[in-house]
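Below are structures written as structure tokens.
Shared between the two complexes below is chain A, which pairs with chain B and chain C, respectively.
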Partner chain A sequence: MSFVHRFIRPRFLAHAAAAGLALGAAQYFGLGAEALMAAEPDRQRPLVITDSKGDRGMLAPYVHRKNGIAYLYTSYIFDTLVSQDADGNSVPGLARTWTRSQDGLSYALELQRDAKWHDGTPVTADDVTFTLRYMAEHPYVFGSVKALAGIEIEGVHDLRIHIKRAEYGLVEGLFSAIPILPRHIYEGVKDPFRFATPEAAVGSGPYRLAAYDKAQGRYRLEATEDHPLGRPRFDQIWIVKMGPDAALQAMSAGEVDVISYLPPDRLPEALDAGFAVETSPSDHVLRLGFNHRGQFQKIELRQAIAYAVDRSALLAIAFPGVAELAETGYFQPGSKWQSDEATEGYAYDPAQARDLLLAAGWTQNRAGRWQTQGEEIRLRLLTDGREVKPARVIAEQLEAFGFAVDLRVMEVAALRSLVADGDYDLTLFSSSTLGDPGNIRRRVFGRGWNSDRFPADPKMAGLIKAQAVAQSQAERQEILARFQQLYAENLPSYMLVNPLMATVFNDKLSAPFMPGGVAIGIPSALHKSIFLE
Partner chain B sequence: MQLASRRNLLFAAVILLCLAIWLAGAGGWLEYHSSRAVLAPPGLGHWLGTNEIGQDVLIGLILATPTTLTLAMATAVVTVSLAVGAASLVVFGGPFLSALMLRCVDVLQVVPTMLLLLLVAALVSPGFTALFLLLVLTGWSDDVRVAAAVLRREALRENVQYARVMGAGWFYCWRWHLFAALRPLLGALMVQNIRQAALKSAGLGFLGLTDPRLLTWGSMMQSAMDQLYTGAWMWLLLPPAALLSLLLHTTLKLGDRRLRSGAVLGPVF
Partner chain C sequence: MDNASPSLLDHPVPTEITGAGSPAVGRFAGLIGGFVLRLLIFCFVIVLCAMLSRMMPGDTLQVMLSTDLARGLGTGEVQQLQETMGLGGGIASQVWAYLSRLLAGDLGYSIPHAAPVLQLLLTALPWTGLLILGAMPVFLIGGALAGIEAGQLPGGSVDRWVTPVVTMLASLPPFTGAVLLLLVFGILWPVLPTGGAEPLFPAMDQLGRAVGVLRHAILPMLALALHELARFYFLARAETLNLAQRDFIVNARARGISPWRLRWAYIGRSLIPACLSRLSDTLTGLVSAVFFVEIVFSYPGTGYLIYSAILDRDYDLLQGAVVFMAGVVLLMNWLVDGLSGHLARRG
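Moving on, here comes the complex of A and B:
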């Protein structure tokens, strides 16, 4: 017994002492921090941003997760050649000026003279050249350099970029999307997709990555000195993983400054607590995708489904107050590319749907079930865990219309393989319509499960090509207007609803959602310019 | 006598009511559809309120009852039978069979359930049958050791030994001595399996193994979990949970008549 006592007591004492110390320290630092907050300007306090998902990977171009938010965080650390102002217009980034040549086949760029990498090395034209060549060898997921023909270095801070065709969207596309890499670090890296040491995150952005905890999904960014675009407003930015409940509580307790995405149905709580709330249609439109190589090759069948789905009922039931009806012609209201001419709206019209199906050779038996060649049609609708609610409503609507529906909710990996095998009829997915229209090709004709997977249609593909080499914004808009008509008519996928997104701020800062999306088209209010003075 | 007949009458009434509800559900007389009245609290229009897509909770409960009962009962009966069968093999099957059985059980308990689920999902097309198979496959191994322990203890008792000496075979002993001793345990195992079947089946819908619209009390409870931050959990979660505990309670009582007759073993206070 005495042995046990000897064993326990010192440990118990040590624990008690440690707990006491920790309590004391917390109190001390807590008070200290509060006192600091009262006295010092914004810059002295860390800005705490919550993220409901957590780990976005190492914040370096090749190793961050392949989603918009991971790209956004990485953009705080890595600069692009061209940046954005609060209205979404192109403004200088690493490049101070850019001049398009007369024939449109080259751009002369002049870089910021005082830009530095986080390790102190100056940023030069050499780094830009290296990055563009390196990305030709190791393609970067959010920006393709295929359009480039060659690069000439004309001085330490001057270079000329030649392109294959006179594309107009390069400034808002490629130049705004590609993070510039430090040559002296990446030069020796053979496989950047496995390069995830802290060195990989040495960029030239206004903040540098100071700490990253993968398990907790936490990031600590520290302000750099003398950034050419302005002085960082905050000494530190912390990004922490927190669910909506915890985030709202922490914000009330003053521990959190920004809730990056609060589910819109939780907004009343945030408003009641007196926080600043920014909402915007996400332009991450929920779409009904078709298997264009299976049941839904014929345009009439797709249109019939569009008429058979009651979008306004879907909106009222599955998204009450938290979404808008989507435009069926791809671009959404607020986009500068959206055409004024009305596109086909497909108001709920079961009679029209029935006529279209009958015309396409499908028949309806006595019980009202749809058949083709004597067999009952069973539609397999696939979706992932996020869209279960709308999927249940749509499945119900289609069943009421006379289809047997087999609804499957799966993990994205399983979903991908099923879609790749063509083992489905309909999919329900969300995908962005933001960013430079150069990305339409991937989103409409691409083979990803959340692309439309539309077989290359010569007319639509022609328009996408034509808008890329158009010589003015007006010409591009005109071509894209025709594209929108065709999109609404052909229905590569049926745009259902445009969910709202909300970001919650406390009194430290607030900013509206960036019109047209951040950089590659990320619906967000957290562009890095709001973290600069 | 009068009390017993009144109880029988009540029992018959309950059975009839259940039958009526069952028929109403199966016959398509009740329509369970979404509506714009989302998360409406209980009231005259919807006696038990509506869920997150405006479906009537009361109708949902009625429609979910046959599926839930069939699935839970079938799974529990098959699972417990398998477990007792396997336990009998372990106890009476000789060293080789016993070891083989126990290693099988070990393997099943060690292998992550997810692997089994994926295996079955690859073999059977998803649906009610697949769900049943999955629940049985992932459930039976848990009960084998418990049942084997009780069987082994009972097999060593004097009554069994005596019967053996008098020339009774193991099958006879199993039927007349061991099974009787096992019954309280079977009741408990049934309850455990019913509960697991009801709750697990809801989770499997989210692995793509069933249609997430398959209506059971478990799936109703699962979708109610998303509403914990609103007041709606009161009418979404409590009714199916209450029905589930009623079912468990009934099973427990039916499974062990001694509990009902008041002849509880152990010290009397």
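Moving on, here comes the complex of A and C:
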């Protein structure tokens, strides 16, 4: 029997397969989970939060995945200067007090005296100064330091921040958004986008990152001692990857405590099981965007489309029980910036839509198809995979109204480039209305694919500038009320529906969604303050 | 094994170059030739992938910044970031930079994951390997055994029941099979875990952990094996039908050897070269099937990594995965071809 044949005898093959499996299995034991399981078997069971996606990257400001949830988890580990209370109001974070100067051009900050980095080094004004300078050099994606003019250190825990214009939104914007970095660790880091060792996650927050298993998408956070904002309520917090069905099962079995985002259509199951359920409009509003540089330059045409779309039918067909009708004036109910004055609601009115189109010079042929200059109008409607269902409904409604509609469903990167090239008439996209109104400039007038891409209308742009330098919240509210009227009238985009979000808790804790969103405007019930006593 | 089986010679043996000097030298030259050919294909695949991935609209940074929570970066900032992330310059210069790094043994760096590509692949590959290695015996042995049974008595009860079922299985794409298994054993009759590679709280002892890992691997392994099972079932069935006419089998039957010895030692062993050569093209199918299976079962292998790499425009990671996968597939393909060529010559 030849050498080769010896190797292909069935018994050998069976052994080889078994050995391969054993080796493969042995390989795992060396990986990941061991680190998670290390130590403390007897302590109280940790708080377990499920996340349907899992891996959000190393929880350090520059390297976590660039989305709201990754930012949120990182905020448990890194503190900002200003934090939020349960109602979303600004309260002390790393800064114990902040005082605006008379002329509004500087802020005096007094830091917490007993704040410490997770490696024991005290947090000082030097760290804050370093962070703000470092972020000017290495752009931080979730906050800009462009508004700053200079920083003066006035003591170990005292500093003064000078700004270029007397902007009012700095406290709820920059101070609440930027995580403060430890100078002694980041000082030597040339490229923070490639700095992802556990050291990168040394912050000053109430929890420190104890273990991270990338393949399994798991995080283990451990409570720190003596955090200036209060004692952590849980010795450990685990964030684990688990789909909604598995999470509901595991919650019934007492294995998990919080399901971070349960798809609202699963809510009945959670309610039947007797769990505490918090729901809230996400304020991540589904909008119909217009190509303002193409077919929809004229305001009448945009308004006509708004009257031709039946939002209630859209809600009933594509979002049964899982969304609300959106406000058309940008801000949504619950926002402290939303004005009491009613804005145009664009109730479904095909006759009104027809009149507006005819007035704008479009004509309807005998078959009921809309034309302009003798040619049939073909509307290119773009959307990405997440909004296919509502996009179909909208396309059908517009078809029924007499338009030919080309629905194109693309993945985000391809969609972006089509939008940038202006190769569309309508887009369907979701975008947040949360966060400090300072971000309206980008969300309405910006050029991003998920901005309204509205050419700067002097009146509206003027109001946005004015609210930024307003001297009080009341003044800001008054200016923004006028902005909302104009938004509903001009329709930079047509706000369609506001989908609901839900978080499920067991009896260990529960908290409502934070009004106005967490920090940079993340719709969430899991602000770090609920994990503190 | 002394009787040559003509059916084996029907299988093409691509690496064989005949008539070059002594047979041994010719065989060796054939192996080398096959290797060089595959090396060329490998290089071509890498260059093609490097070009194609960069020709998709958008780049890593744009996708990274597509969240509506990100602030609007200025043009200068974007350029600066593109430079530091290696996304500056045209496609040609990026591809060139990538290839020269690759030649130096550097698989690159994944910006969205903030980790070296090699490290990402090394964490994910063992899981994918477990699924593929675990599925292999299932479809190889299961398919062959059932095929032998059916082939021995064509039209018999085994043949009549199993063949239609296997035909149906063969027509299912791997992800459909995976979803079906998930539905049956995860939801309708929830006896097996439906996702992930380990329980939420892995057992502390090694044995407990191994059991946990295996339980989680069963459904994805089965899903992966189901599709390939059909190939080997039909192969074994056809070969057995052929063999049944052959003298050495007829002889053995007449001598009255035990039916098990007939199956194992006579038919089974004769099937091995044919199965091996079939295995070489099965590998490619397995590598692409595991991709879907991992996504359905949210299994932490390479499939999900590659999927996200495409959506994230994570060029280095995508290419790293292709380098690995193409390398493994071509290497195995070369080995298996060499092996089955050798076996076919021996007859």
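In the analysis below, the second predicted complex is superposed on the first by the 490 of 533 C-alpha atoms of A that agree within 3 Å, B and C clash if a C-alpha of one lies under 4 Å from a C-alpha of the other, contacts with A are read in each partner's own complex, and residues count from 1 in each chain.
Operating definition for what follows: a residue touches a chain if its C-beta (ideal position, glycine included) is under 8 Å from a C-beta of that chain, and two chains touch if they have at least 3 such contacts.
Just so it is clear, the model here is predicted, and its values are computed rather than measured.
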Determine, under the contact definition given at the top, whether A:D245 touches first (chain B), second (chain C), both, or neither.
both
Quick check on the superposed pair: does A:P232 touch chain B, chain C, both, or neither? Answer first, second, both or neither.
neither
Counting residues of chain A touched by each of chain B and chain C, the higher count belongs to C
In the overlaid three-chain picture, which partner chain does A:G93 touch, first (chain B) or second (chain C), both, or neither?
neither
Partner chain(s) touched by A:S432 [first = chain B, second = chain C, both, neither]
second
Quick one: is A:E411 in contact with chain B, with chain C, with both, or with neither? Answer first, second, both or neither.
both
Touch check for A:G402: first (chain B), second (chain C), both, or neither?
neither
So in the superposed three-chain picture, is A:R392 touching just chain B, just chain C, both, or none of them (first/second/both/neither)?
first
Residues on chain A lying within both footprints (that of chain B and that of chain C):
245, 411, 414
Sites on chain B touched by chain A in the complex
33-36, 38, 52-54, 126, 205-208, 211-213, 229
Seen from chain C, its contact residues with chain A in the complex are 1, 56-58, 62-74, 77, 80-81, 84-85, 109, 111-115, 120, 123-124, 126-127, 129-130, 133-134, 136-137, 141, 187, 193-198, 200-202, 204, 206, 209-210, 213-214, 264, 268-269, 272, 276, 298, 300, 311, 313, 339, 342-343, 346
Which stretch or stretches of chain A touch chain C in the complex?
2, 4-5, 8-10, 14, 17, 20-21, 24-25, 27-29, 31-33, 36-37, 41, 48, 54, 57-58, 62-63, 65-68, 71, 139, 141-144, 146, 191, 193-196, 214-217, 240-243, 245-246, 250, 255-256, 284, 411-414, 416-418, 430-432, 435, 439, 442-443, 446, 448-451, 520-522
Over in the complex, which chain A residues touch chain B? Could you list them?
245, 266, 313, 316-318, 320, 385, 388-389, 391-393, 395-396, 400, 406-411, 414
